[in-house]
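The same chain A turns up in both complexes below, where it pairs with chain B and then with chain C.
Take a look at the complex of A and B:
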């Protein structure tokens, strides 16, 4: 008897999607088995898991991870490993604080510039700063052939340090009740739509309502995510740059031999990647935080890294990115809820993630290959 | 040949078929017996399934159906190879066009790795470098190929590497040698030595299965000729009982070469499109491989540069198109000062380029045919007009007879010759002023090669394209060129008029 493994002649229909879904199921099952063995109440755990994945609070994480994931995916597809999402995300908030609090603050100066212009300025400068931060690594890569991985990583720590330094120094707030952080940015620059709280007593209605509340609160993120998703799709489908990115990832030497300036391209791709992440950073400031706290790296779940995870989970396929971003966001929520419920530590979600990845490898294998025994 | 004794079958292929993902049937119901002590030539047009067949025999691909039997002891027994190591352990080895040596390691280290891999599966431990060196010395003496076991692989020329591949096969005690276009790029003198080794292998009872596109080579070397057409065996012939015409008919479905080439570059115009002056260039390892190179090519002229592999052609074409910075000298190409402006300006001026390493500089194998064409044929700086690009891709695929399922197929699913056709088609369609090419007919079957020669002549003589061809193939250069140069040890000799100088003289100059 001999077992042979052959690549399938015809791709299975919807193979990738089914593989993703099955692997999530697989991952969760393995997780439940493991925590079950440790004596955790499974009913409660399932309850938390289910709630975490359909909870409206997943919205913000999903949108941020998705937008950042798009930015990272651009560079990853070109084999440029921008793992500096964290740094680009935080550093991009600095101009937002300067613009809204120091330059155009209606509470301290008589500014006549319309609010939407200021907001636009915040977003644009945030994108530019994110782009510049990533372009530093891009320049070193393009012109001195220095590996972008350690550089982007180091730039994360420089960004943490720089932001913390500014927050505790020049940008330190005055009305912060003793907390070390910047002042709140003026309300007119905040991008949330806040729906009034209503209680109807009907569970379903309240769930829908709570969902709508989240949507409207994060409407700016939602609009951006849609815009970025359209942009990414358009980039890869219709533009020369999109094609350059793909070929940069498969054979840069050929690209160069056709007359493309691959050094400038490297720089451009890194900058574009950084600008999308910078954009998400400035939005996070306007939508969620409204100020920058001190010790910034401990105030978020590390979106820069979660987005890397989402991007890799999508197999660098932008069509699958929403699924993987949702998965990552859901798991992060699960982790929080598990902790709150006292079932264990947030790190538990790593078990789910690991088993999802394992499940993905297995289902993907079954989708791509057939095993024959003869 | 072992006449008199009854020759034994060493490898029996029964009903082998292989269909690739995507539904391309590469080979179908192949039945073939190989005997000990014979050289069999496997011929067939591009895409006919030759490489697929030998890769199955070497354990790279698994067949969908059928079985392979191998002589073990004195009976044929069935084998299933999961990978090349399995195949090697059964005495089968494949040498293809590209040497597989690891550049950073020495010759002995490279071979020791192979030996250790084979032995570790036998649990008989590792093979030391000194042991390997001893083995190398033995085969080196018996074959007459001189090698320094301690030489790093990157210091070897292409021919030397191919010889090492062959020595490796002999050292691991292979019984069946599969050669997939392994001789195609060898210089003439080296080829002869390779032939001699193959003969002596055969005389010692080994079996050689040789894939080649040079029909003459098959006649010179083989005992039998097997012809594949569209994945099926259409002829198994005794070489001495057949003719070139018969073979051609079976391969292509037609006998005579219908592409009759008329050489009519009559009026050399004054204008020079390619001008090279006192050029000196270094190779990848910092050695000065070219010096004092001066020549020019007129509008509509085809200049051919002949030289054995490693004599500096690669470095020459790379510096002419602006991919390699020269040490000194001046290059003007299609009005562009190449040394100052570089490849981008050269390409924008309408220069096509067929590189010496086509898979590195000429195409992105992971991308589709149409994507490869799109990056060169999209005039809009931002958007790609896919309608125009697709039209262009369809046109190229049709004109250059590329066999592929669709223009959206990844290039890596094409056969070697068809990949080359995509590169040629795309570069020739792109070239408006000049074409710089290295070994353009390599990997092409005879019909496609002839076809290319006539297209090149037409483009040059009728459409006034200036063409520079660097090649290791004397016949190619002599049939194609209006002016011939010889490159030897970094110096350029010529120009000669191909009709006026005897072929022997050129051969002399190449190796002198």
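Take a look at the complex of A and C:
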């Protein structure tokens, strides 16, 4: 048998869309075959799958994965494989707890600093800590040429242990009803807008209202996602740094030959990538968690890894990143919904993510290549 | 009666065998140029499969008079065979199709976690403890495991550096196009390397749960031991012999973590960090010496091997 794979000379009309749809269908088929083999009701599973992609609850995951994906995209475009999003995300939450609970806690001290200043401080320090955490790998890469993949990966586990240590030690909460976790950060520092629950009886109206409820609850994440999106576009379109990042990914020797300090550039790109992820970590604390639980590795939704996938699936194109982030968020949402429906447990999220993305990764190439079998 | 030191030695052997086999299999896999980011998922899947196979074989074969040790050993081999199939699949698609090694690897990692739970959880739910399906706590079994893993390491070393197939594997890792021009069938060579490599990863995973821990839990997938083996393999330059001291030291650090914590009065999470910090320290140490050149990754690792026409 001869397989001929040719790069398409002419771009396939709607190729990316067709290839993406076929790939997703292929992936979903793999998933259904797997869970069907284990006796899960397929009709119910398909129903949940469809609903999950249009459910308003997809909002939070989409926004977080998108923001983190932008951060990772910066380093990936420069061929710097920052696999440490998980660690940078969680370590960036620590200053948020210290600042809101120990330094400017209105319940225990008579602080006069306005809440928005404290929130800004949390976000800035979170970004800085995320940048520093990523810069560890950046420094080793830049000055000693040590592969950043294992270093960033290992730093994830070090971050898990360090956060756990702080949560069970110096930052251990006093009002936690016996749970091992930090105290909840004061309400004035939370960034949610909570709309009242309304029942109209009209399904469409309630769906729209439910969507608006999610938008307002995660408004801070939404604003950040838009800001980061504009920043990424601006960076690559108009700045020298954006150009350097792109050249770094394709021809770093050229940059070196033109007198660019590639070592400092490596460090800067890693730090910038980490700072965006750190920003998302501190926002996640202020918007969603409100506290840090002990045993972070058991509580993590794995955003660090999900964002890597979203970034890769976008083919490192920031214009496609919203689509891939939505896809990844939808799949995670499906897994959770299947779990809630009693059709499975934690494995559902993992299997649906794995199988659909595997199918997608394998077949996505047909947009750029044609295959002939003889 | 096994004394304290005997038991420590036994557990150390199991820790070494696990880390060594997984890192060795991963090294062989990557030396052929295929990036292995599914390692942690496949490692966890192999722990689940080992538990499932061992429970099935024990309940069905021991009634026929088959020795329990044979049942457990068969479970390890079966686990290795299943993971070898995954290795073959990866080698095939990542060589024949122009697709991202990283995206496929990470997708398979998630799938491995999920399938690992599917495989191991029903056994855990039904029997609680899996100790009855594990290898016997016997110094002979632990010593044999140690010897077999070392023998596998030496054989892999011989194969890689003294045989034609070894040279072909390394050539595919460095430059698959050049290797192909010299007559090497890249995808067939990678099938051998990835199949054998993942067989060892599977057996290593089964030893982790059936000999070292003698325990399986759904949360094992957050331990990151697959990634740990990945790092050790990288730090040792994917060299089968240099891996031996690395696996020994890091196996000991993982195994005696609790003892270190108790001896020095360290908080549990700080003690947990030690092996991971040591791994980075080690990479930094060799990165600053001439050893760095010796331990460089294959130049073609993870690069898409695009060739227009392929005969399958």
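Convention: the second predicted complex is superposed on the first by the 311 of 374 C-alpha atoms of A that agree within 3 Å, B and C clash if a C-alpha of one lies under 4 Å from a C-alpha of the other, contacts with A are read in each partner's own complex, and residues count from 1 in each chain.
Criterion: a contact is a pair of C-beta atoms (placed from the backbone, for glycine too) under 8 Å apart; a residue touches a chain by one contact, two chains touch by 3 or more.
Please read these numbers as outputs of a predicted model, since none were measured by experiment.
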In the overlay, answer first, second, both or neither for which of chain B and chain C A:260 touches.
first
One more residue to check, A:313. First (chain B), second (chain C), both or neither?
second
Going by the touch definition up top, name the partner, chain B or chain C, that contacts more of chain A.
C
State whether A:251 touches chain B only (first), chain C only (second), both chains, or neither.
first
Taking the stated contact definition, name every residue in chain A that is touched by chain B in one complex and by chain C in the other, in rising order.
2, 4-7
Using the touch definition up top, name the residues of chain B that touch chain A in the complex.
19-23, 62, 64, 80, 82, 321, 323, 343-348, 353, 355, 360-367, 371-372, 374-376, 378, 380-384, 386
Going by the contact rule set out above, which residues of chain C touch chain A in the complex?
41, 93, 96-100, 102-104, 106-115, 117-118, 121, 218-219, 222, 224, 227-228, 230-231, 234-235, 267, 269-270, 272-273, 276-277, 279-280, 283-284, 287-288, 292, 297, 306-312
Can you list the residues on chain A that touch chain B in the complex?
2, 4-11, 238-241, 243-244, 246-247, 250-251, 253-261
If you look only at chain A, which of its residues touch chain C in the complex?
1-7, 34, 38, 81, 140, 144-147, 149-151, 153-158, 161-162, 164-165, 168-169, 297-298, 300, 305, 308-309, 312-313, 345-355, 357-358, 360-362, 364-365, 368-369
